[in-house]
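Naming follows writing order (A, B and C), and every chain is counted from residue 1.
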Amino acid sequence: MALLNKDRLFPTDPSVRDIARGLYAEVANLPIVSPHGHTDPRWYALNEDFENPAQLLVAPDHYVFRMLFSQGVPLEKLGVPRVDGGPVETDPRAIWRVFASNYHLFRGTPSRLWLDHTFETLFDLDQPLSAATADVYYDSIDARLKQDDYRPRALFERFNIEVIATTEGALDDLRWHRQIAESGWNGRVVTTYRPDSVVDPDFEGFRDNLAAFGELTGCDTGSWRGYLEAHRRRRAFFRQHGATATDHGHATADTADLSQEAAAKLYAAVSTREATESEASLFRAQMLTEMARMSVEDGMVMQIHPGARRNHSAGIFARFGRDKGFDIPGRTDYVQALKPLLDAVGLEPNLTVIVFTLDETAYARELAPLAGAYPALKLGPAWWFFDSPAGIRRFRELTTETAGFYNTVGFNDDTRAFPSIPARHDVARRVDCAYLADLVAGGQLREDEAVELAHDLAYRLAKNAYRL
Amino acid sequence: MALLNKDRLFPTDPSVRDIARGLYAEVANLPIVSPHGHTDPRWYALNEDFENPAQLLVAPDHYVFRMLFSQGVPLEKLGVPRVDGGPVETDPRAIWRVFASNYHLFRGTPSRLWLDHTFETLFDLDQPLSAATADVYYDSIDARLKQDDYRPRALFERFNIEVIATTEGALDDLRWHRQIAESGWNGRVVTTYRPDSVVDPDFEGFRDNLAAFGELTGCDTGSWRGYLEAHRRRRAFFRQHGATATDHGHATADTADLSQEAAAKLYAAVSTREATESEASLFRAQMLTEMARMSVEDGMVMQIHPGARRNHSAGIFARFGRDKGFDIPGRTDYVQALKPLLDAVGLEPNLTVIVFTLDETAYARELAPLAGAYPALKLGPAWWFFDSPAGIRRFRELTTETAGFYNTVGFNDDTRAFPSIPARHDVARRVDCAYLADLVAGGQLREDEAVELAHDLAYRLAKNAYRL
Amino acid sequence: MALLNKDRLFPTDPSVRDIARGLYAEVANLPIVSPHGHTDPRWYALNEDFENPAQLLVAPDHYVFRMLFSQGVPLEKLGVPRVDGGPVETDPRAIWRVFASNYHLFRGTPSRLWLDHTFETLFDLDQPLSAATADVYYDSIDARLKQDDYRPRALFERFNIEVIATTEGALDDLRWHRQIAESGWNGRVVTTYRPDSVVDPDFEGFRDNLAAFGELTGCDTGSWRGYLEAHRRRRAFFRQHGATATDHGHATADTADLSQEAAAKLYAAVSTREATESEASLFRAQMLTEMARMSVEDGMVMQIHPGARRNHSAGIFARFGRDKGFDIPGRTDYVQALKPLLDAVGLEPNLTVIVFTLDETAYARELAPLAGAYPALKLGPAWWFFDSPAGIRRFRELTTETAGFYNTVGFNDDTRAFPSIPARHDVARRVDCAYLADLVAGGQLREDEAVELAHDLAYRLAKNAYRL
């Protein structure tokens, strides 16, 4: 028995499935380029054992625990730490059993695909996970995690990762990246510049962060010019640690292009007192354009990830804090929102701005038309809630007709769930090959073109777009 | 010749179709659980003959007459009564002939599927309906309607309905439900509490309704506390007549959570004079949260049905009144709108709030992420304009990846067209089995899981979610 | 070798493909009815040779040059003229080579399908276009363009065009249409009344246009009554040149129905001074209702094409002017927007208003419910960014269930790329036949009905809806 169907996610018509199989065979074993994600650089620096099955697969994965919570399992029973330090389950086997006995809840979700892929390919498990097999699973996985060849660097190599990007805040000292570089290990782990904490006036401790930002860079963050210079230096510092990209996670895609005088005045306001809502919005919007301008100067690829309404549940936020599966997408405009930035730098041939969305209605209506016109703009892949098989398919169906394939940038796994990385790339490769096979079968593409595109989508586009 | 293809709505690939057939065979004959609908309880109480084919199949079905009207058939010719009592067609055979000779207009619509299912399975007709067969149809159906075994209770049993919910306003005396209960018939017909007429300040006669509400309950609806108590008593009265759920049909999904002082003040305003637009909106929003709180107390399942812009055509409304097919959906926000209610009671494990939508863009972007996180929230099925085969499929494709199957609640037929009920459930079962078969064929689900899910989707989820 | 797969765009399942083939065989050779487009009437009047391959296939097609531009090819290298008259590439062979060597960018786009269709069926080319075949292509096409049977009228006949509509502004003298009529050639080329330049206060030279409008018609466009009368006369003049329709390209679908007094006052304002933004919006909105009223009088079919944010890039507009691929769709409301017009004339059985959209979220949510209720309203086909195979399919899937087929109006090619017309209609016919075949295979339609519908969708609906 096996958990995985070898033809999973391929078209079911035999002749089309054969085309998909052929394309997939070409790309199944290509190295993984992971240009955007949230794995912890400390893992690669220290190369210690992963703790236990629950810590590896349940606790860090908000896809997993929010689904269990939605069906009535208290987060405490899953070991999610409380803000007030109150008691939560600490026995990993107990957590694992709760997860196992509720595994049916994941039917039809991508988590199920990723987990089964991990169970079978990484841990050689072949019986379905359930209450009945919970302990067999726990013991098998736990035993493996104690082996040297299941440590982070060994897994990195086993996963055939050519390069992985992590994401660090502007104030991070990048010590783990330095340690990796100095260790002599030849795995390529690069950082990404994520300056939200010094760009968003609503970020906790914003003004303190500005002070720290000044100290760290030796710039006068009391002035607009000094503040911008601090960004320039910090970007250079991140580039020294491998960064080729920046990342910006705003609630909206709003951009602005104020005069430098007006921007300086706005900075003076938000850096010295509580910002009003409209000041905070405008400052974030202005900073996207400033970051884009710096990208024209220094060549860093800019990523804009808008659309999440963070911490939707006041109760969960109070009890468990951020990143607990309660970030909910909302409608997101791009056409008006990006115009100021695009008017400023959108025709720059050497700039790359990669835009993501949590509002799929923008794919065909706004994003593909924009990316199919502006040289600076590229479309990030199906993201977060939408990196499912059906979500990746919708992305292709709704963007290709207008933007083609070459205004897209390959796949992002965007995950902190390290063992799921090969599974996620495998799903993306399969779904893309299935899409290409359908185009070939429908007479929209020749097979030799599909082979070339399969390589592009699985490997080359990401490498080129992110300049890796 | 037959009207119905036995493999209708299944995948066309032979190997996948076989999976779908197998799943469907498991659930095709399960009893019908119909937790939300608009059939007339009087039918089951009095058990009289249905009048004639036109009264049974054309006049009450706004899906049918609005399509004919859109193609130039005056509503008068279809016997739709005018507000001013002016002349309309009264000969049922003449109405039937207009319908029959325009039957081609329904090609590709779900009405066509439901009607053909009714014609073949209930009336043993096997020639396509058209001008040529209009009279044969009329005579055959009319003859059957005079038979005892075509009376409401006989059909209820023939349709294998385990339980059906009707919907009554807060001021209804529920006499038909009482009469059903007292009749000794063992068909299970339950009511649903729909308080729009005493919750929406824009409802016709709102303040008179409040007075009647007070009389009926013996509560002082002149005060906020008395008004809330009237709801509590009325909900208890409905529960005595089988109700397990409430239903709320607002234009938006807006909720609010004012302090009780502010709510009392708002109630004092809207209950004593014409409400302003914003007062009316805020009061409706507040009442959703109050109803949710009462559901925490009394266990009634809460249904929110937002999104229709009612009575879009001023001309139709003036000439023919409400519910004439001119209720048009519009964009509907859920993320901001539901936050106050969810902050108040969204983490209650024993509360069930079922949310519906007429804006399919919310499925993947807002509703599945919300239902996949909040324990109190479940997703109502594809509804109204979207209970078509393609609409039901879109619902699954856009919600399952994030909310899974177990945050959904099975099918609602939501109809006043009694004979269409088996057809509608059959369509839903077939489409769900087709979806499951595709997941099995694509390696996303094992066949034993699909069998279990087919039962869940066809029967168990509705029964459990509605506590029936 | 061939560029075209004879079964392209059909379902891949053999049994369903056979049904699609059969349906397509019925309609593949039907004459083309092209009720909305932008070919130049001068071509048919003068019947001169097309200049060269680049002028025929690259320069006029913003689908083509914006894609190349999005990937870094300067518009100057494609021969797109600059506003300032600055130097651009003038060698058509050089332009062609740039296009040819970037032809891979069009993979997966409809342009690729249309171009390959043109290459193979019109120019007998059978090797894929690429840098290597650029000159072979150029020479072959160029040689053909010098032949008499590649002149506009010969192509018109070869393409089997029964009637084609062009689009002219309200101030156009229609000289080319007169010349066609007087030439004795029996090709049917009709005009369409597009009054944006005298209806939109934001149009360049609006007040000068009003003066010219008065002179041309002998009406006093200084008064509201005179202005309306000028429209009436101009519409009559266009009808003398074959027009059966009007066309209105507004940014939104907003309509208004002011009293004639208020409208006259608004006209007095916008016709004598710079209009404010809200005055300009309201005037455009009012004029849609006025145009609809005139359509009730004179029987002209009204087309509303809303949703494009024109000239999104300030830089491109400054350097290259309008229509350079930088018109970007945005969210578009119909339910509120059309209500004033529909309340005024929406129930008129002899009026036809055809509504288009660039916001596909409106198909199922707003447009199909409106068109499936109002007798005056019909749905225009998938348009502009959405006349791709997948876009046409989405249109059918999202509108048929509620509006059926008979509230739609067949296909519009909407193009200025003359040689692509047969390709575009062929794509639409294939996709519609594939959709019908799927309905037949899924048991939703009988095959005899599908045959009738295939004829309707390919030919009859356009002819009837546009009264051609």
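Annotations for the structure displayed:
Assume a contact is a pair of C-beta atoms (placed from the backbone, for glycine too) under 8 Å apart; a residue touches a chain by one contact, two chains touch by 3 or more.
Nothing here was measured: the structure is a model prediction, and the numbers come from that model.
Of all chains in the assembly, those touching subunit A and also subunit B are C. Annotation: the subunit A:subunit C pair of sequence copies touches via predominantly different residues, less than half of the used numbers being shared. Note: centroid distance subunit A to subunit C, computed from Cα atoms, is 40 Å.
Looking at subunit A, residues 13, 361 sit in touch with two or more other chains.
The touching residues of subunit A, counted against subunit C in their complex, run 11, 13, 15-16, 333, 335-336, 339, 342-343, 346-347, 349, 361, 364-366, 368-375, 377, 397-398, 400-407, 438-439, 441-446, 449, 452-453. The touching residues of subunit A, when paired with subunit B in their complex, are 4-10, 12-13, 66-67, 69-72, 104-110, 112-113, 128, 309, 312-316, 325-326, 328-331, 358-361, 385-386, 388-391.
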